[in-house]
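In the two assemblies presented below, subunit A is common to both, partnered first by subunit B and then by subunit C.
Up next is the complex of A and B:
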């Protein structure tokens, strides 16, 4: 499999686009016509061929452009990547996990050559060929977590496990849905989720934590989460909210199909072998409403989900003001027909939109 | 009346208790303003014989009463910043069995708790009691500057000048609440400031 990497931007002129392949494999997050929080975990052991679930760390057409965007964010604000002093070993664990996974899953793009602790890493899409000594920080240009996550799509939270809790003690966070690593670093699982409405009362976090504390080596888990973003902006950070918040007011009935994006996070969870830390990659996928509407099932379903979403969630996810305009647009793609179960578009079997 | 009952809030927001005397090899008590009253309530002669009191009066009139407790070591200073190096030294010199007591404003307790955590004391082992002003110490999420003693919501960041609303989300590491731009989506539309608990 070869991937054609897009030359595109996630800021300024927003030249980001999804190919037909990327639209078909978009991780649509709604398995039924309504949405409420749940502990929607499943094993991360592959999935349908060419789906985002197939590989341990999905690499797609946005890889090179996303890494370029990450480098720009870090140049502006180095605090987006931080690691408390006791987390260095976990950083090495993460480096190993990503290098081994990518070189096995994408042998045409990545190579890892190991001779004891003398390692050579080749990343062809980014033009990197580095030799270094595993576990020796002085042989890499950055700390191990920063080094490898400058070469891996998605945000990475590295969680220390102690006192029957998980602690946000390291991370690379440049594509976040409005939360600050710099503020949250050092917090435990309940504290960094404190601002989320409704889910505490439903016991979601108590159950999720119990699940995560028991994740074993070699048995990663995954779930999808979602929000909404106007323009394909990866860096929806609170740090820059005073700059990008205004973009939410630029939606019109004419441009909403192109500008409004469903933002989906593929969250995975891997136990790390030496440190017993848990790494929590949060991979962001963006898809415009007009591209989503090419799958009739998704058009029907997205309208129903957004229409029936509790007000607190629409407020928390930041689109309460734009919801009426979204519904005007989406309702045109909902003819009332039933939809099939599950998240896949089922393009061959779902009927075309009745007009 | 210097006690205030904080409304129910989210999980990251600190919860304060009432100081109680605990057995310890030594006692470090750090307070500002009305926090002195909590120390006066908990102090005993036996405890004071092994106590180090660090007090920031902030204009309150308790210094003489605190001094009258005859702690083994007593310090009154003009600001937390002025006292900070002394606090770090006291914590660095501490042996097993030190008890830490913090009382007064959230800003004082948060910063002193942070200093104790840096010295290796778990935050759950540190006693706190809120007294006096309910003003908050707030970090601007945009410029990262910290504004002390914020009493209203919204307020103007003392560093970058943005209008910020006050969240209950709290970082022990920064000893600060989070402030976020209130008019990002509608520049200039800033509501009239109100007291944080009004």
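Up next is the complex of A and C:
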């Protein structure tokens, strides 16, 4: 399978687009016609062919453009990438995990040659061919975590595990849904989740932490999370809220189909072997409403989910003001027919929209 | 399936160290590389002994970076339920066995400015891997290791030869004793203490450290409990609708598994919390032996850790 990398932007002229293939494999996050928080974890060991679940780290048509966008964010704000001193070993663990996974899963794009601790890494899409000494920071242009996450889509939180808790002690965070690594660095699991409404009362975080603390080597896990973003912006950070927050007011009934994007995070969790830390990659996928509506099942379901979502959640996810306009648009794609279980579009079996 | 991921291995070396302790070396059956791990990790070894399957945790003591083989050291327990005796008497070089992926419940706090290790007897094993890990990164550590006698001092020579400045040995039969209060008092700020050994030693170190004002987060301990034999008892498993008998030398968890009921577990030593099971009804007394539940939970009869705890009485109904 060869990937044609898009020449596109996630800022200014927003030339980002999804090909038909990218739409079909979009990780639609709703497995039923309603949504509430749950500890919706499952094992991360493959999935349907060409789905975003298939590989350990999904590489898609947005790879090159996303890495370009990350470099721009980092040039403006180096604090998007931080690693406390005790997390360097975890950074090497992450570098190894990503290099081994990508070279095995995409041998036509990535190569890893290892001779003891002398490693050579070839990244064809980005034109990188570097030789370095594993565990010797002086042989890389950046620290190990920064080096490899400048070449991997999605944000990466590297969590130290101690005192029966997880600590946000390192990360590369440039494509986030309105949270800040610089603010959260050094916090524990309950501290950085403090702003989330409803979930604490439901005991979600106590159970989620228990699950995460017990993720073991060789048994990664995953879940989906979601929010809404106006314009295909990767960098919706609090640091830049003054730039993107205002864009939420530019929606009109005419442009909402193209401008309003469902933002889905494929969150995975891997135990890192040498450091016993946990890495939490958060991979962001964007899809415009109009592209989503090409799957009749997703059109019906998205309308029902957004319509019935508790007000606290619509507020927390930042689209309470635009919800009426979204519902006006989405209701045209909901004919009231039942939908099949699960997240997949089921294009062959789900009936077309009744008009 | 419960427990950590499994690895098929072959026994490649067996070395008796002294009258009680024997070292075993494992390599992958398929010749591939074993996962690296972090110092302090253990593996669960499956022992198939006729109809009985025992799963015992052992600390990995080899270099965490060495992917060619894992080594463990097993102390023979003549009073135990037979797992260590099986390893000592039945396992031969060339045997194929199943072990779990490494699981670490006793990892180094990498923020520490210095790691102070306190080992008692076979409790030396996790420190051997941690020392190898720290040596690679020029870590600052010091070991105080108490053994019963010189002849039972597993790895004493290796440690004192390679790390003469960091290693301090104490022999019980020579009345050597770790001068713990002074030792703790002399540590630089940012030191973390780790203790692995018999229950009494762990309690002594934790108690002394608390009394000396050490923060709880800077004191780490690991005690794997082997499940102890006890009187047979009967249990009703409500979810699977089965009544099972727990034999004298098997654990409640093993009896549940023998009945074909899949129950979660990881450490099988009362430490990790995975096998926590809700008690629906009981008449009798629990023999709680785990480190997971707190004193209130041990008293209120609502939960049991079936890997190490037992029951004596008329009725026990579990949510499993």
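Simple rule for what comes next: the second predicted complex is superposed on the first by the 355 of 355 C-alpha atoms of A that agree within 3 Å, B and C clash if a C-alpha of one lies under 4 Å from a C-alpha of the other, contacts with A are read in each partner's own complex, and residues count from 1 in each chain.
Just so it is clear, a contact is a pair of C-beta atoms (placed from the backbone, for glycine too) under 8 Å apart; a residue touches a chain by one contact, two chains touch by 3 or more.
What you are looking at is a predicted structure, and each value in this text was computed from that prediction instead of being measured.
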Partner chain in contact with A:249 - subunit B first, subunit C second, else both or neither: first
Contacts of A:68 with subunit B and subunit C, given as first, second, both or neither: neither
First, second, both or neither for A:194, with subunit B first and subunit C second: first
Per-residue contact with subunit A, leading partner among subunit C and subunit B: B
First (subunit B), second (subunit C), both or neither touched by A:307: neither
Touched partner set for A:186, first subunit B, second subunit C, both or neither: first
Which superposed partner A:114 touches (first subunit B, second subunit C, both, neither): neither
Touching partner for A:241 - first (subunit B), second (subunit C), both, neither: first
Touched partner set for A:24, first subunit B, second subunit C, both or neither: neither
Subunit B versus subunit C as contact partner of A:216, first or second or both or neither: second
Subunit C-contacting residues of subunit A that also contact subunit B: none
Subunit B-facing residues of subunit A, complex: 79, 180, 182-187, 190-195, 200, 238-246, 248-249, 321
In the complex, subunit B residues that touch subunit A: 10-13, 139, 141-142, 144, 162, 167-169, 171-174, 178, 180-181, 184-187
In the complex, subunit C residues that touch subunit A: 4-5, 35-38, 40-41, 64-65, 101-104, 107, 109-111, 133, 136-137, 216-217, 266, 272-274
Interface residues, subunit A side, partner subunit C - complex: 85-87, 89, 135, 160-163, 210, 214, 216-219, 273-276
